[in-house]
Amino acid sequence: MPRSPTDYVNSVKDGRVVYYRGGKRVDDITTHPVISIAVRHASDLFGVKERLYEDPNYGLVSKYFRIPRNTNDLLDRYKLIYEDTLRFDGLFNIVQAIGSDALFSLMIIAKKVDKRYGTNYYSRVMKYYEHVVRNDLAMAVAQTDVKGNRAKRPPHEQEDKDMYLRVVEVRDDGIVVNGAKIHTTQGPVANEIIVLPYRALVENDKDYAVAFAVPANTKGLKFIVRPVLEYDGNPNAVNAASRFEVEALIVFDHVFVPWDRVFMFREWDLAGQLAWTFATYHRFTAISYRAATANLYLGASLYAARANGIENAPHVRDWLVQMIMYKEVLSMGAMAAP
Amino acid sequence: MPRSPTDYVNSVKDGRVVYYRGGKRVDDITTHPVISIAVRHASDLFGVKERLYEDPNYGLVSKYFRIPRNTNDLLDRYKLIYEDTLRFDGLFNIVQAIGSDALFSLMIIAKKVDKRYGTNYYSRVMKYYEHVVRNDLAMAVAQTDVKGNRAKRPPHEQEDKDMYLRVVEVRDDGIVVNGAKIHTTQGPVANEIIVLPYRALVENDKDYAVAFAVPANTKGLKFIVRPVLEYDGNPNAVNAASRFEVEALIVFDHVFVPWDRVFMFREWDLAGQLAWTFATYHRFTAISYRAATANLYLGASLYAARANGIENAPHVRDWLVQMIMYKEVLSMGAMAAP
Amino acid sequence: MPRSPTDYVNSVKDGRVVYYRGGKRVDDITTHPVISIAVRHASDLFGVKERLYEDPNYGLVSKYFRIPRNTNDLLDRYKLIYEDTLRFDGLFNIVQAIGSDALFSLMIIAKKVDKRYGTNYYSRVMKYYEHVVRNDLAMAVAQTDVKGNRAKRPPHEQEDKDMYLRVVEVRDDGIVVNGAKIHTTQGPVANEIIVLPYRALVENDKDYAVAFAVPANTKGLKFIVRPVLEYDGNPNAVNAASRFEVEALIVFDHVFVPWDRVFMFREWDLAGQLAWTFATYHRFTAISYRAATANLYLGASLYAARANGIENAPHVRDWLVQMIMYKEVLSMGAMAAP
Amino acid sequence: MPRSPTDYVNSVKDGRVVYYRGGKRVDDITTHPVISIAVRHASDLFGVKERLYEDPNYGLVSKYFRIPRNTNDLLDRYKLIYEDTLRFDGLFNIVQAIGSDALFSLMIIAKKVDKRYGTNYYSRVMKYYEHVVRNDLAMAVAQTDVKGNRAKRPPHEQEDKDMYLRVVEVRDDGIVVNGAKIHTTQGPVANEIIVLPYRALVENDKDYAVAFAVPANTKGLKFIVRPVLEYDGNPNAVNAASRFEVEALIVFDHVFVPWDRVFMFREWDLAGQLAWTFATYHRFTAISYRAATANLYLGASLYAARANGIENAPHVRDWLVQMIMYKEVLSMGAMAAP
């Protein structure tokens, strides 16, 4: 069942543990002066009728979850993302796109792992996918570890073993993980956090080869939040802005994950493929929405040039042409990718 | 009927007037030390079996003349050009591609002119097209005028009126033209020269709005030849090189063109569209063959790096990645264009 | 007599008319949360002992006002600016440098104007210079007009004649000017505002060919203030920052200037030379302080690289080398200029 | 005694062993169609009166050999090189400049080696220097080894030990060396070849830490010649060109060097400093002559723009400004270096 903006807003008041910058805990993210804007931006996605389609299995659900099976499906996905980005003033509304990028890659890699190791990850992924689709959830993907000393590459070489997220306990009913992931866009306002492993593991890193999903209010999860990019630390801009997103450092402090939500566990040789497959889907998403954003910048620049009477000045035309080329390279990347 | 390499070589011994650089007239281009290499390169195209297909109207003919009617046709054309470029050591064999680029654009614009002016150019273009297809001709396209003082834009403003090619006499049986076109790749070794007008004409430039085709041995045509690009003026390289192309300054000294080979005459308002439509087809051709050339450069660079033991040096990897990006941007341009 | 930081701070509490952004009037710039930081930064210059030297004519005064007469004087000026920039955490303290850049250029051009027109501007400039030196004043230079429609170049072509600052009334005791200048760094915290004309005047622009100096609290002057660059609109950063500068849009609403402070009046043919001569002095100042700033960025980057264990990663070394090249090009520009 | 062009030309007919490209041995370089042009170019230097000055020790000798002792000496050297480059149509005449760059660096490093090792290299260098100055010799510097597998850095790690030039025998009267140096500009037309070591030696590379000078007709020396850069392999250009230089791969096949011409022998820890000091002098030479060359290119471009009526086209002005910036950065580098 598609959710309304109100449904979504209510769903994120779930007791999750959120801090704004170095400050104190945020009791209600839906009323916090900064985070509430990211909540409202995300909620707007749920008000877009064009987002929905009638799926033969699941009924009326979000197009973002439609598994692309051919060239045309991918071109449809490009258009969906492009148009939504225009709809939201050039700021892509990421909360269902990034999660589906992760789910599509998990479907592909889970099958490979199952084939090599005789596991049953694919059925777990599909069961989780149905849960997401039917409940019209908002998702974030936590991939980038804090990493520590970058001169040391395989995670197990770090002095502090928690610099990369890892399994610290294996139980009958699931696993317990420790670590921290940074730059998780819209993590603090998502319903679910999907966790993917680092891309370059060696055999000694087995405990770091782990993928899973947890609700945002899971015990042991802590979000430390800031606005993304240009709004960073700028309450004036925050007050003026109609919409923006937040990002988070997510601390995993002995977080328990039940087996049916574990999608990779110690299969270190396929962790890199999972990371790259997700990145490939997500680069497709990114060039799609950036083409739309670039189009808006182009229009804004043209109006600014006209306001100063310089739209025909040769150097200004050169700059506008550069922007057109940038936009078109992105578009043609998206169109050629399938 | 497809021609053989020998057929083609014999066909260019037709009395055409050719000079090599500032020197004396070349009696036989097929034996001239420099031009003969361009002849041999062009002749090789006629030896490629993969070039041919069975057309419902014309029988076994060159794929280069197949009119692209949809996305798949264009992707096929991309592959044809890409593979022929690999086949000819990275040097695209242009003598049927560029002519078909011009013919396709003439088909589109002739229809527009006919509709606006009640002319019958389209039927002339199609009749000429059949002549080309059935006789498997090699063609060149002469577009760039010598231009003179570039500070003056419309051709009629030039002091010397012949700086842009123009009609100097109108007769019952056709027109007489004067002027000169530069940078005509493989012009001196083609069977036919297709002439297209300048892209930015105004009403006073009517006599410059002219498109037509003439055989290379037409009275009044003079080719002044040099090798293209990296071989320019380098007999050593010429002696060493297995293949290259030549280009020419073509002088039109009171050249007569019969009406059935005139495809535009004074319709100045559509001349720009004709120039741009040709350019669009030809840009597609160019990114297709340059992607192939780039691929060969990439391979050569990789081998050079390995020979010096530096294929893993970070700065060398950066350069290789730059080449891959260049190649892929060309490829994705070709793939996204349709 | 050299002033102390306290002297300076007291001197700017003089009733000047200042607005912060679009808001209401600022009663006391020395206590305003944003502007006070720029005041304190400027005041720090007056606490630097190394700034002073014993001048044969004026006694102990600021080195910034020492007229450079040879190569060594200019190299000394480079070192003065470079070292002060390091002293102030990479943020150059502009309030005496930019004013002296303007005064040095006025000295050169006033002599030329006097020679051509039989005027006595040079003696006015020197009298004003002595006033500045003896009172150890803080100065700003207002050069850039708001300009309006940039497609129209000479100021008199603008529909709104006040788009460039101009003389609107000539009186026995002086002139009255109207207009607005933008991007005046530290204007709101200076003692004096030196006004220079636009660089490209024609004869019809005579009323725009005007140079003069006024105290910051002159009737009719209004400062509309914002922080420069990276602190723009960021109170968080403002609160955290130890120092920054402000800039202003300065409105001149029927401002009266007595004749002894008028340094150019209708000599339109030398206005461009004045603008360029000032720019040349000020480019020298700018490459001097930016070399110092770049040096600090370089050090910060090196520490950041070390903290992540990547100071020997080839791509990081490339970036550091780029920074070194940037810094050295600036330095060698400053050293070669004399 | 200054030599005349004829003196110089006669001096290089000395039996030296020269091959042109992969071809057969050149009997007389002064009549060879390609190399003779480089000979004549070099000979022109000996006809320049401005090249000479009265030295207190040596009488009338070449300014190129004047040891720079202060800032003014270096600025004089900059002007000497700049003006000679204009004099020779933008092609710097390197045969005394590069040799003096090497001699100045040998003077500095020989003193350091003598101090550290108790050797007497400095007196050998000065004796050789006097020989060069008094006989007005033309010189080349051979620095770059052929190197082999670049993935291996210290020379001794190469499989083929001769990939870097090294001492293969130590005799009572001198040393015997083997190896090959590439890219030796004007080597084949110089009187003397000065050899400098590789810049990054380790202790095991002791036999590679060798510097010395030999006449060009020394037994065991073989020059394999090609024209530099744009004339490479282009006899047409060669015939048309008034001047150019050649470069050589110089093979050292058991070449004997007497002790008084050996300037470094196994002092591996100072070899890098010698290489870098030479490079520093020679970078100064290079930015001096390239500033002059750039100035000529700038003028040529301006004339070309005017000939096409486009000297005021904005994109052409941009390019001309880029060339001016390039030229000025070189000049200011040369001026700031001292």
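Every chain is named by a letter (A, B, C and D) in the order it is written, and numbering of its residues begins at 1.
Keep in mind that, in the parts below, a contact is a pair of C-beta atoms (placed from the backbone, for glycine too) under 8 Å apart; a residue touches a chain by one contact, two chains touch by 3 or more.
Here the structure is a predicted model, which means the values were calculated and not measured.
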C-D or B-D, whichever has more C-beta pairs in contact: B-D
Per Cα centroids, the chain farthest from chain B: C
Equivalent interface to A-C, taken from B-C, B-D or A-D so that over half of the residue contact pairs match: B-D
Length of the line joining the C-alpha centres of chain B and chain D, rounded to whole Å: 47
For chain D, residues that touch 2 or more chains besides their own: none
Residues on chain A engaged by chain C in the complex (per definition of touch): 149-152, 233-237, 308-310, 312-313
Residues of chain C touching chain D in the complex: 329, 331-333, 335-337
Complex contact set, residues of chain B against chain C: 314-315, 318
